[in-house]
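There are two complexes below, and they share chain A, which is joined by chain B in the first and by chain C in the second.
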Partner chain A sequence: MTENITLTIDGQQVSVEQGTTLLKAAQEIGKDIPTICFHEATTSNALCRICVVEVEGQRLLQPACIVKAAPDMKVQTRSERVMRARKTILEMLASTMDLSDAPAILTMMDEYGARAERFPDAERREVEVKDDNPMYVRDYSKCLLCWRCVQVCASDAQYTFAINFNGRGYETQIGTFFDKSIPETTCVLCGQCVAVCPTGALKPKREFLLEQGMSPNEISVMNTGRKRRKT
Partner chain B sequence: MIKPDRIVTTTCPYCGVGCNLQLHVKDDFIFKVTSPFDSPVNHGNLCVKGRFGYDYIYHPKRVTTPLVRRYLLEGKPKPEGREQVFAVSKDGKPIEHSQISNLWDWVETDWGTALNITADKLVEIYQRDGSDAMAVYCCAKATNEDNYLLQKMYRAIFRTNNVDHCTRLCHAGSVVALQQAVGSSAMSNTASQVIQNDVFIVTGSNTSENHPIIALQMKEAVEKHGAKMIVVDPRRIDLVDFAELWLPLKPGTNVPLFSAMAHVIVKEGLVNNEFIANRTEGYQEFVESLEKFTPEYAEKISGVPAEDIRKAARLYAKARNGAIYWGMGISQLSHGTASALTLIHLAFLTGHIGREGTGLNPLRGQNNVQGASDMGAMPYHYPGYMRVDNEDNAKKWETAWRVEPGGLSRKLGLTTTEILSHAHEGGVRALYIMGENPMMSEPNLNVTREHMKELEFIVAQDIFINESGAFADVFLPATPFAEKEGTFSNTDRRVQRVRQAQTPRGQSRPDWQIICDLALRLELRLKRATVKWDYSDPEEILREMASVNTDYAGITYQRIEKVGLQYPVPTMDHPGTPTLFKESFPRGRGKFIPVDYVPVKEEPDDEYPFILTTGRLLEHWHGGTMTRHSALNEIYPEARVEIHPADAELHGIRNGDPVKVQSRRGEIVVRATVTEKTTVGVVFIPWHFAEAAGNLLTNDALDPQALIPEFKACAVQVFPARENELAHPDVMLQRGRY
Partner chain C sequence: MSDTDTSPSLSASLATLHSAIEQYIPLGRSGLLPALHAAQKIYGWLSEPVAAEVAKSLHVPLADVHGVIEFYTLFYNKPVGKRIIRVCTDQACALKDADGVLHHLCSHHGIEPGQTTRDGTLTIEASPCLGLCEQAPAALVDDQAETNINLKNDSYGLGRPRSIVGGSLRLLTANCGSGTTSLEKYGEYAALKKARGMKREDVINEVKASGLVGRGGAAFPTGIKWEGTAKAEGNPKYVICNADESEPGTFKDRVLLLDDPHRVIEGMAIAGYAIDSHKGYIYLRGEYPYIVPALENALSEARQAGYLNEDFDIEIRLGAGAYICGEETALFESIEGKRGFPRVKPPFPTTFGVFGKPTIINNVETLCNVPLIISQGSAVYRQIGTEKSPGPKLFCVSGDVAKPGLYEVAFGVTLRDLIVMAGGMANGQSMQAVLFGGAAGAFATSVHLDVKLTFEDLRAAGLPLGSGVVMVFDETHDMRDVLKRLGHFFAHESCGKCYPCQMGTQRQMEILNRIAAGNMIEGDLQRLQDVGWTMMDASLCGLGQTAASAVLSAIKLWPEMFEVRKSKSLKVVNAKKKVVAKAKVVKAKAKTKSVKKKTSKAVKSKKKSAKSKSKAVNSKVIKSKSKPKKTVARKSAKRK
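So, the complex of A and B:
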């Protein structure tokens, strides 16, 4: 038997099982804390920080997706400091990446009054679309580095380990080892990564082609050609 | 961003795992496939086939108009020399450059003409040569409803039990063994229970490629739940990376290896006496039969060190929850039944059955091979595994189908392999093939080809003209999974819904509608009426079947609207049965059936020094009718033969070189993959590729009880060949994972 823990979230008492995250505890009393990198099917790593909350007695804001509820904790999910942090996170995201395929984040920006133009001098991450296999395309201009794709490729689902973070700091990008094309890696093309991508950076090839204006008929005849051996 | 018009929840048409799919449809076109993360079967995970491999339904070569041969349309006598024809005549004009008579040309027609011609010919042959001349291949890819109706058509109208499907080529050995020893032939436990095992054996199954989602759960069991996996396989398959022990046995030596494990378990006193006493029979004789199967004896035959056999036996026997998962490497042998029995013995000795996280788990290949078997698409059984030679069973179905008493045949029918070997004057004359491809899936295809030519009349009901359909007289265009309603039953007996996502292309029709339409025309000609063929929807078909087959009695479409039910579901309020045999076995006590070691029928010799074993690839499916018409073919476009580096060096073969692989029955030219994935003396060929069909080489020796062919071991020779001997020298396979 695990013992229950009682804590206070936005002035309301809630009792949860030991080991419950603040995110889940808040959900139990109907308080939705916004998330971006969090996914039910992947391990949480608190990368995006959009879920931060203020915990009394803690110097720093705490990411609700990984911080566990503790006895008598006092949590504020929408304090001024929290709201300002979330707004800034959204503005920084919007200044460096293409959010056009992430409607949930765009809605969040409206809600928090985040202005995409707050950091006019920020350098946008613009990368060419990688279209190197017949199943899915990778547009890392739309990638916010949430890590979900890397995790499902690794031990959250597939145990294939075909992709990881490449580079450091601002240059960090998801990629294959030695930047090889997808078919040349250990990738099994299961598309688990596509399924968990929150921003449309990874996309099924046929959806991509449809967006490019090709008709279903044109797409259907595309896949009948064979790749030829280079002579 | 594309906003879907609708998202349709359905079941994957590929393997037996039965993953839940969501098809995202825009303008009647599926542009994306996802899976719900709370799905009980696959937890949101899919493989490349399930997520991306559905595009064959849009392939330009898909046939969506009924076709008949010109001779039939013009009412001319059948010309000589049946040959494969893949091309369809344009606007009825003769096919240019046809090597044979233009009377064999495929000509487009309407449904009325095609079905009338089919009905006329089938009735003519039936009235002339009787029931024994009629035979049908049902289809493990089609729905339960489709299969139920097709076997009903042949049993109720043509009064024959010559009904079978590809289960014969797949798990027949396991089915017979389980029927004999246990009395039921499905997976005893739920696949996702693998995380509850603490020791499990995977044998004869390259799970990562053939049941990819179950393999993920196996890896999870090892990595996150501390389970220990024992892999028994002649190939160093992907799962070996996660295994505690790998026993690389010589193909076809399962019996001595697993009997030796049983020997160790008995000799070291690791048996579960209580289970043996309460739940089994025949133990004493069985123990006597084990005497000769010492680990040292097994080592001599299988090549696996005796010490490893001992380790494996101890691990499995001492487990709290042990389980066995197996595939075709057990059943596709001329002693497939014996081979499966040795696994059953291990479970009986240790009592690793009848509880959650244990079990005897044959991993069924096709999306609906379990269902097609349940539906009676087999020559000895009505739906629900009711023997056809049992008077009570026959009477039940006579009542259900309103056939006059004594009308249904009590004679056991012919199996898949027998149907073709009986294709001659006085034998089988007409063959109806729904969705199967014997010209790829039978062993020793050169002989199969001659049998196909011997047939008088062939109906193909499919979505493409595949290697078998190319021999047919009539082609009836059916719809694929995304254009019909129905149910599939997956490998762990879960009955799940299949739903229509888009309108049928061209004139194609769901299989069940084609069968009903044809059946009515047949009955009109025979001036005979059974019930019934005017169903308003597929659920009515399922309910009719479930009225006699009690395993399905409590299943309605409404009950499986969101989550499938695992049969037996005997009543409307029964929650389904995730784990079988908790109290007893269907036959009462589990029966130990002593077996002896019989070697494979063709062992390597000086002339043919290699053992060829065949199998499948992640990217392809069986005869390739679907996957070779998909983008999947781009990522794996050619057959390869795997050969061990030591053997390759000896024969002067480098990676990528063209080689000729030859057996006593045929030869193919393919590129070599030099890899330690195979073992010394063993070569491996995937059998999906028509231009280099592995089954031209395989041996058509049969298991005497299950009549399953020996796909997993035959003798071959490998020689260097020239580039221009390859079917497609310019095709490129460039993959990192192989």
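So, the complex of A and C:
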């Protein structure tokens, strides 16, 4: 049934099944294309654009996470344009948000020679930590808007629809209906949003408290929704 | 205000809401924007209980409803004044002292832009382009257009905006310039009648043969679009008229829809027949509320005459303040009741459009060409214009020309011709630059005056035709201020979905602000270019891909404007400017007392400020072909 497609990635020929994305095709020959918003479990929206590659004959760079391999395609994963776009996106991210809990992105920055201080005097997205429920803490200063939490809360997994977006453009932020606290929303505390968050913007309450210097015993006393196992 | 809305009388008042949104309930989520508009009409803003009730009625999750309200700037989830004045501060109006108008109004009422008066009667906001550029400075007072605002003699027009139409052709604009054309005056839909007597594929072939390409900016061949939609699998199929005209400097669709709605409707009906569609939408930008009654009336005339019926009918959808919704896939999302996020393409609208169904989406002007093509045949149509750019074209001429307005010409006239048609330069000044194609366009200078206005010639000159914007700047303007406003526009209008545009438009704005203020930092030019190229190369949709287009063209034309040294030396000059600006404010304040209520309903003397300023074409500029670019820019810098 499935036909194989042969294409060239960085001068190297590769044969893949029809329907394979460029991201997967590159992985097959051991070429890593960086990703941020991409997650196996969520719908790919191709919005971080860090995975862009140069495809011969295309005016614009193409997101490897969704563009499918086609016969005789010629792909460059590290051309000058690609490198400039990736580096600039990373530098803009660093000037926008707190990446301290996103080691994968910090590593990426080193790899691409992206400088965190590239944009001086840039307005940052800084928000107070929202600690309003027993299960997780929301620190949107660390949010890079990958959309995964909104997706798993909605039709990618849980169908809970507790969160959506506030504002738009640079001012976009994850939010609830009229900024209500999590217990006041339809949230069922399933924790899937926390699981898919790449930057520590959503963090289990316990982890958060441990980081704040509290001991496991102190935390247990707080009754954070976690029941102590019976001995 | 909020007190009354959350009081016990709420349940009684929610009954009013129910009857107002009842008709949208069968639409489900797709009814969300119309329902929110209806609710806001009752309460003035969208409070939590009102939003919750809308959500419940339409079965849309609460968080999603909130997300939608937050996305569109014309929806408010905080109390606003009973009356809202939105003063356009985009480019064409800025040239006519829109900032002065805004500050004057605000200081008169003792508030800052974006604030509401204490008594809750009035909110004043700065607004992106309102599509009234040829009658600048302009504002939107609730549902009425306020045009040619003149602080000196306290005159302005209020209500339905006038249409100023000219040019060497009157085909698309045949019925424009003297009020809304009734069906009686428009006459029978002869082209539709003819089309319905033809085979569907023949109608498509005729449009293909005409060489018509989209007039919204992307210039995609219309016939190919239709053919793709006709052949696509999936039913029903839709026809959408993209009337979300929001490109700064563009106002052609406003004139066409307001003055000659039947031409658009006939074009849509022909498209509907060609692809066997039964449903059309006109997605009208929220800043054109005064067009709705004219359009609704025309639709009902067309229904009564039997042109629209159960085989094909059209629904109006009103946007709510989002430039991005002019992007076709974002427009679909908006019709579906969602935030206007553009989708990744492919799939393209021809196969996966609104509601995931095959969809034709065409710009207003494009559709207005269709009756012309069908009635006279593509061969006759092709005699207009050039071989590669056939047909008539509308240009929105604004800025420092003597007679700004909508000009219809055949493709192939030169930029100089067009400016001459528009009365030449105003006030005897020389031309410094032309913003071509809108905010997403590029700058031209006097060296481009003899470029022919065709797709092929413009492409060769590196200028985009875009939506037909020709915004003219004389030498007295500081182009850095122009760039600053462009930067602000895109930062305000980015949807926030893809990273290059979401953060790039913000960083671009910050750097352009520094340049305009004379505070450039070492490396800003490189930053600006890296951000610009990254947006152009890697953004998800056309907004991000063109958000740096004008800036990058300015860097090429006026490199010295982006030099740190020069920009710093301008600081002194800028300090002077501030003093002048302050003096202006003082003057304005002094005037306030004598000025009566600016917002009074009465339509005051509509005398436009046209002091018949030197109509004479500035022969110096129009004739002199090449002015060394550098001197032009330097001169402007010095003047400031």
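Everything that follows uses one rule, which is that the second predicted complex is superposed on the first by the 223 of 231 C-alpha atoms of A that agree within 3 Å, B and C clash if a C-alpha of one lies under 4 Å from a C-alpha of the other, contacts with A are read in each partner's own complex, and residues count from 1 in each chain.
Following the convention adopted for this analysis, contacts are C-beta pairs under 8 Å (C-beta built on N, C-alpha and C of every residue); 3 or more make two chains touch, one makes a residue touch a chain.
The structure presented is a predicted model; accordingly, all values stated were derived computationally and were not measured.
Steric overlap between chain B and chain C is absent once the structures are superposed on chain A; the two fit side by side.
By the touch criterion stated above, A:A116 is placed in contact with neither chain B nor chain C. Contacts of A:E40 after superposition on the shared chain: chain B is touched, whereas chain C is not. Taking the C-alpha centre of chain A as the vertex, the lines to the centres of chain B and chain C open to an angle of 120 degrees, rounded to the nearest 10. When the two complexes are overlaid on their common chain A, residue A:Y170 makes contact with chain C while staying clear of chain B. In the overlay built on the shared chain, the residue A:G200 is in contact with chain B alone; chain C does not reach it. By the touch criterion defined above, A:V129 reaches neither chain B nor chain C.
Legend: residue contacts after superposition of the two complexes on their common chain; A:D101 is shown touching chain B, with no touch to chain C. In the superposition on chain A, contact is made by A:T186 with both chain B and chain C. By the touch criterion defined above, A:M214 reaches neither chain B nor chain C. Of the two partner chains, chain C is the only one that A:A85 touches; chain B does not reach it. The overlay of the two complexes leaves chain B and chain C separated by a minimum Cα distance of 10 Å. Shared interface residues of chain A (contacting chain B in one complex, chain C in the other): 185-186. Interface residues of chain A, counted against chain B in their complex, comprise 40-41, 100-101, 103, 133-136, 152, 155, 157-159, 180, 183-192, 194-195, 200, 204-207, 210-211, 216, 219-221, 223-224, 226-231.
For chain C in complex with chain A, the residues that touch the partner chain are 48, 51-52, 61-67, 70-71, 77, 322, 339, 344, 491-500, 502-507, 510, 514, 521, 527, 530-531, 533-534, 537-540, 545. Chain B contributes residues 1-2, 24, 26-35, 37, 43-48, 51-52, 55, 58-61, 212, 216, 219, 223-224, 242, 618, 629-631, 633-635, 637, 728-732, 734-737 to its touches with chain A in the complex.
Residue ranges of chain A in contact with chain C, taken from their complex: 36, 45-50, 52, 60-61, 63, 66, 81, 84-85, 87-89, 92-93, 95-96, 118-123, 144-145, 154, 161-172, 175-178, 185-186.
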